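In the part that follows, the structures are each spelled out as structure tokens.
Look at the two complexes coming up: subunit A is in both, with subunit B in one and subunit C in the other.
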Partner chain A sequence: MNKARLFFTVVTIMLCIALGISPASAQKGKPIKIGFMGDLSAPFSLSAQAAAKLAVSEMNAAGGILGRPVELITEDTKGEIPKGIEIYKKLVMHNNVDAVVLAEKVEMSVAGMQIGAELFREFPHIMFSTLGSGDAIWHHVRDDYERFKFGFQTYYFVSSHYLEIMGGQIIPDFFKNYVGVTKVALIYEDMDWTKPLRQGLPGVSPSLREVYESKGLEVVYEKTISLDQKVFSTLFEDVAKEGACMMDCVVGYIDQPAFIKQWAQSSARDIPWFFWGGLAGMPMAWNMTEGMIAGGSIGSSFVRVAITEKTIPFMDNMVEKYKTGPIFGSHTTYDTLYGYKKALEQADDTKDINNIIKSLENVRETAVLGKIGWDSRYHYNIPYPDYVTPIVQWQDGKMVPVYPSDVAQGTFQQPADLRK
Partner chain B sequence: MVKFELKRDRVLLRWGIEKYEWCIEPRYWRNPVIGVAILLVLPLFFYSYPHLLTMLTTANLLAAIAIPLSLQILGTARVNFGPQFYLGIGGYTAALLNLHLGWSPLFTLAGTIIVCGSISLLLSPITWIARGLYFSLITLILPLAFLDLTYQFGDIFRGEVGLFGMSPLLDLGRVRWNYLSYYYLSLFLMLLYMLTADKIGRSRFGVSLAAINENEDVARMMGINVSKYKVFYYVLPSILTGVVGWFIVHTFRSFAGVTYLPLEFMLKILFIVIIGGRAFVYGAVPGAYAVCVLEEGLRGFGHVSHWIFPLVLIALIYVLPRGEGLWGLYHKRHPRDYFPKLHVRRE
Partner chain C sequence: MIDVIQNIIIYTILWGSIYLLISIGFSLICGVLRIFHLGYGITFVIAAYGMWFFLSDMQMGLIPSIILMLLLQMFIAVFVFYKGVFQRYLDEEENLLVISILLFLAASHFSNWLYPVTAGVTIPTTLVPGMLKIGAVNVSYQMIAAAVVGIVVTALFVLMFLKTRTGLIIRAMSQDLNAARLMGASVDNMYYLAMIMAVIPPSICVLMIAPFWGIDPQMGEPLLITALLIAILGGLGNLKGNIMASYLIAFIHFSTSFLLAPRFMGFAALFVTLIFLIVKRGGIVAGETIW
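Now for the complex of A and B:
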């Protein structure tokens, strides 16, 4: 066989595979189909995929939804929007799924909202974004409810709630009453999700700095850093010089190990920090920073703390059955599917999409991180205190929950004391 | 006075001192016509598979980026490692004009052409001052710097979220019809680029292009204004690439620099050029289709596809005739088909 024939044979085989039906298509009865989309080269999507599989297997073991089996069709977007759009169309138009779960970054969820709105009229379905943060997703629903009512966002917080709940309640309370500080250095990463915090949201909230100051915190230093930044020593010198007692780092995507290692060797080493999210909230962070993370605190759902009766079994089953840790996005994916199940059961209907949407807008279900449900007007998930992400502090190689008090397993300690 | 002449292999039309000619000998047009016919009927087999129709649309768009890139590589004798820079410029221009000024897709197209043309003209002196690795490095940095700007000027470009909600290029009332029409529009765009590149390859410009590619000093000695040609071959492909950005904006209706500006996207385009055959601009079409079909086919293998896909691409580069790629395979089997070939400088 010459090279040309060999090439075209390979291409034909690939096309046949591409046309192939997913292996999950041979279930009994007419299943409720759920499509899962994620970047399956990224740990967060892999973890969310495992959580979706876990939820679906549990549901099927318990008799499915309204007596019908649940079928999960998983697809890999590779993190590319054109590929994601292809897959969204495949799931909705070809696989005829009832719901799409998009466990991907915010730009993919935004693209999903656009393509979903195109399809919704002819192919009614529900879209859940379980990983993308920021306001762009639910703003679609706020700005044009009729067009985007199929979209629901489940993530720990959205920016307005960052300002109202994280900035307005949780962090001032944590800093003043648990850490015992009032002088704060504010450090943002230069991304779109931090913009409302830096600049405020017109008609909703002033900036985070102003929110903090209204709550009795004094912001002595404020800086926005680039995602590419690798050297932070000047920043730490400035923070120490300004007399800050706490570094509030509104970051999730910067090079956190580099930040932490340089902090531990700088003149700001005794000034504790709080990260809003990211790698520092995962178990491997201790080894990655060679223990220099001691004293740092972060919002993390990785800790074994029984927020509800579902929390610990979920964490154990993820590791036992799917060999993956419950990284951010997995809890939300798992909880979303159970919220969807309950909404279908409450609606007692799987066909009338408007009925299902109304049911989703009113549903409340016990979840891994509290209670899952969505705002009836804007379709973001009901946040704290219904949905809880504990604040943990790294102490002696472990993440110890220190806030809120009902899930705390220890008290906040100063970094200098932890290093002794 | 119009006068027709029928020769053995061509028809001549004479009008005053002007002369136009069309080849009628089958070896000049038979296989290209068959190829285009296949591309025209292809979506009829995939009507029930909208995701594959979108994949084919994406393949057309990738080819439409690779064709100008091939032309640029040949015309400037330099490898541009950042063709996606103008995709980003074109995409953001169209999106911003549509969202903030309410311009229709037709007017945003004009805006895209003007902005891409102006920026590429301003940057075109880099083809004079840098060559080889230096040129590649400069072009590599441009999209990455632009990506940083999309974060720094988040108020305008919306950082990692990107811009969304732009007007559709057309709305036929049913989504399947829309997707079918997007395929044909992308095919039209790609074929238009191919025709443009083909005309250039066969014209006096093409001879100059080949001369510049072979040796700039010799080309100068032949009387070719090398600097002028290099500007032309930098600006025109940049505009054509920008128009693809415009097309993406009005079909996918969301545009985020974080998708199109990073190195991964550039690598895909370069793979398409090399696998298709960098000595021929025509290679971009089989290159783009091969890469897209392989990627889609390998997706069925699950996680392993993430490392199998690049391995297969590397294997293809190794196995296929060097510099001639898939088009070279075709050309060897059909040596009498006439397609202008532009030798790639080895140095």
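Now for the complex of A and C:
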């Protein structure tokens, strides 16, 4: 080796050492970037953001993903879709994120999916929708897999999915055998997500009424209510007159405190109700209704039940580290990120997007609410019994899990008995 | 069918009386100040959240909280709306309307920021718990109490206008402002009085309906719309028309609800009001007087 070559080699090695560059460290040091989008003035997005931060900090403390650190880039959409689209573009094109998490209404996720499809070829990435409950996300994947295969949806229940759970478990097992219902009143809120339940989806799922009737229950009342409705007393008079034993309320966004207060002071006050989601499943609902919520049931993940070994630590860490309770969207965001981590590790790859998608389609990981994983064809998360949302009933100021039996901490009671 | 008729009659009487509480303050301002007060919705928001502030944050009792909330309402009505907006923009109606509604929306958003839904705001003002069965209909005592209070407050307003000297002056002002002024009426003082009086019914309304109504920062909007609708149908600023319109709107709401579907209540009331105004311009009691 002549002097000039020796000098060049030594200088190059020293420069590399000084700059900390090595082929191995170049791969190891580059973070896996995850973009988070949410309406950061809304409690649900804030809670989801805290859950994302918690997951990322835990992952980094445990050595990252495949030895690489994880970086979370948070953006506020303010709930505006045009702004959301710009943010999505920025995250994918400018920040070069590996995945985008949309913790917002389903309409925002649909917009993200559209723009993501445009960018996907040049900027391959994964999109996760962790708050939208509607069927629109997985319908995109079903209808045009090649174009929308990067999109995955995690939610407690996807609308049409729930029919399978209702038909398979809740109606025959919980309502009919456990609660003792023979006649039911169906009340829907006038929103897009309830449409498949009101009308059924041709070739996909029947309507909720048909599901009930197929299980031998009589639907004696069926009405749709509007989101701006404030007076429900008249509805309760009709429900009571029709002799319903239970009100299945396919609602999440109506004025639930008004509904509950008027129910408790109506002819239907002894007819128990079941809400699909919303404020009634949050701890402050008892105070907001001055205890009139007693006897009401709802699918709620805010109750302290150890569904897996991750559930209680997740709830405690959310409060301790981020001063926020786990409300809807937080469990799904947290579980999604762990599902993504497992998929990358399973694929042993962070680059080949098709490989990562295939891995996501087959992954199963222990989650806060059971097991997280996505359907290999339609990309919605695998529902109950893999992913569990307990049915709770408000009893004496507390949400008591009453179903399914493996997480139950009490038994269902009639509202009249609870008021005694 | 008899059950349905019973339901319609009872709910019309109950809610018609509650609608009086919602709308009478708005009509009063329309009748006396000749202002379409689009910021009126703020009174419902302050009644709920002002009350919660004193009750929960300041740890005061129920009665002191109600008194302080009423004083806050009066302060905002006089100094923010009357002196800050109405006096300043009386000749610029578009500015007056825009600023009033912006103030109302700002208060709603501020309440939302201060007390988001997770704060669990509630107003514990149940006077009489329990239910009363009237024929085939079960109604809560609280709803009946709210209706009775609505009738009593309206009756007191009417008596004040008909039987007191102040009422006479206000009526004179509503008929002819200049003539009243020439006769020595203290117009400014009467305006202050009208602004103060106008916040009392909606404040009482929120206290009375809270046990069967949802408390949220946007609660002022539907209540403002109800007040607007009643005032327009009744004849802007006329209390006689306001009373009739309250019961008429309640009848439309509840006959639609029981005979058709609850979700069409709002649409039915708007539609009937629109048709009514086409047929009879100016509303039920079209006139420039308050009574």
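General observations
Rule of thumb we're sticking to: the second predicted complex is superposed on the first by the 388 of 420 C-alpha atoms of A that agree within 3 Å, B and C clash if a C-alpha of one lies under 4 Å from a C-alpha of the other, contacts with A are read in each partner's own complex, and residues count from 1 in each chain.
As a working rule, contacts are C-beta pairs under 8 Å (C-beta built on N, C-alpha and C of every residue); 3 or more make two chains touch, one makes a residue touch a chain.
None of the values given here were measured: they were computed from a predicted structure.
By the document's definition of touching, of the two partners only subunit C reaches A:Ser267; subunit B does not. Shared-chain residue A:Pro206: touches no atom of subunit B or subunit C. Contacts of A:Pro313 after superposition on the shared chain: neither subunit B nor subunit C is touched. Between subunit B and subunit C, more residues of subunit A are touched by B. By the touch criterion defined above, A:Met282 lies against subunit C but remains apart from subunit B after alignment on the C-alpha atoms of chain A.
In the superposition on chain A, contact of A:Ser226 is made with both subunit B and subunit C. Of the two partner chains placed by superposition, A:Pro124 touches none, neither subunit B nor subunit C. In the superposition on chain A, contact of A:Pro404 is made with neither subunit B nor subunit C.
In the overlay built on the shared chain, the residue A:Val110 is in contact with subunit B alone; subunit C does not reach it.
Within the superposed three-chain model, A:Asp76 lies in touch with subunit B and out of touch with subunit C [touch as defined at top]. On subunit A, the patch touched by subunit B and the patch touched by subunit C overlap at residues 190, 226, 228.
If you check the complex, the residues on subunit A that touch subunit C are 43, 190, 223-226, 228-235, 237-238, 240-241, 255-259, 261-262, 265-267, 269, 279, 282, 284-285, 287-290, 325, 327. In the complex of the two chains, the subunit C residues touching subunit A come out as 3, 7, 11, 15, 116-122, 124, 126, 131, 136-140, 142-143, 211-216, 222, 253-254, 257-258, 261-263, 265-266. Those residues of subunit B that touch subunit A in the shared complex are 48-52, 54-55, 58, 148, 151-152, 154-155, 158-162, 164-165, 174-176, 178-179, 248, 252-254, 256, 258-259, 264-265, 289-290, 293-303, 305-306, 319-320, 326, 329-330, 333.
For subunit A in complex with subunit B, the touching residues are 3-4, 7, 10-11, 13-20, 40-41, 75-76, 78, 80-83, 85-87, 89-90, 93-94, 105-107, 110-111, 113-115, 118-119, 122-123, 134, 136, 190-193, 195, 226-228.
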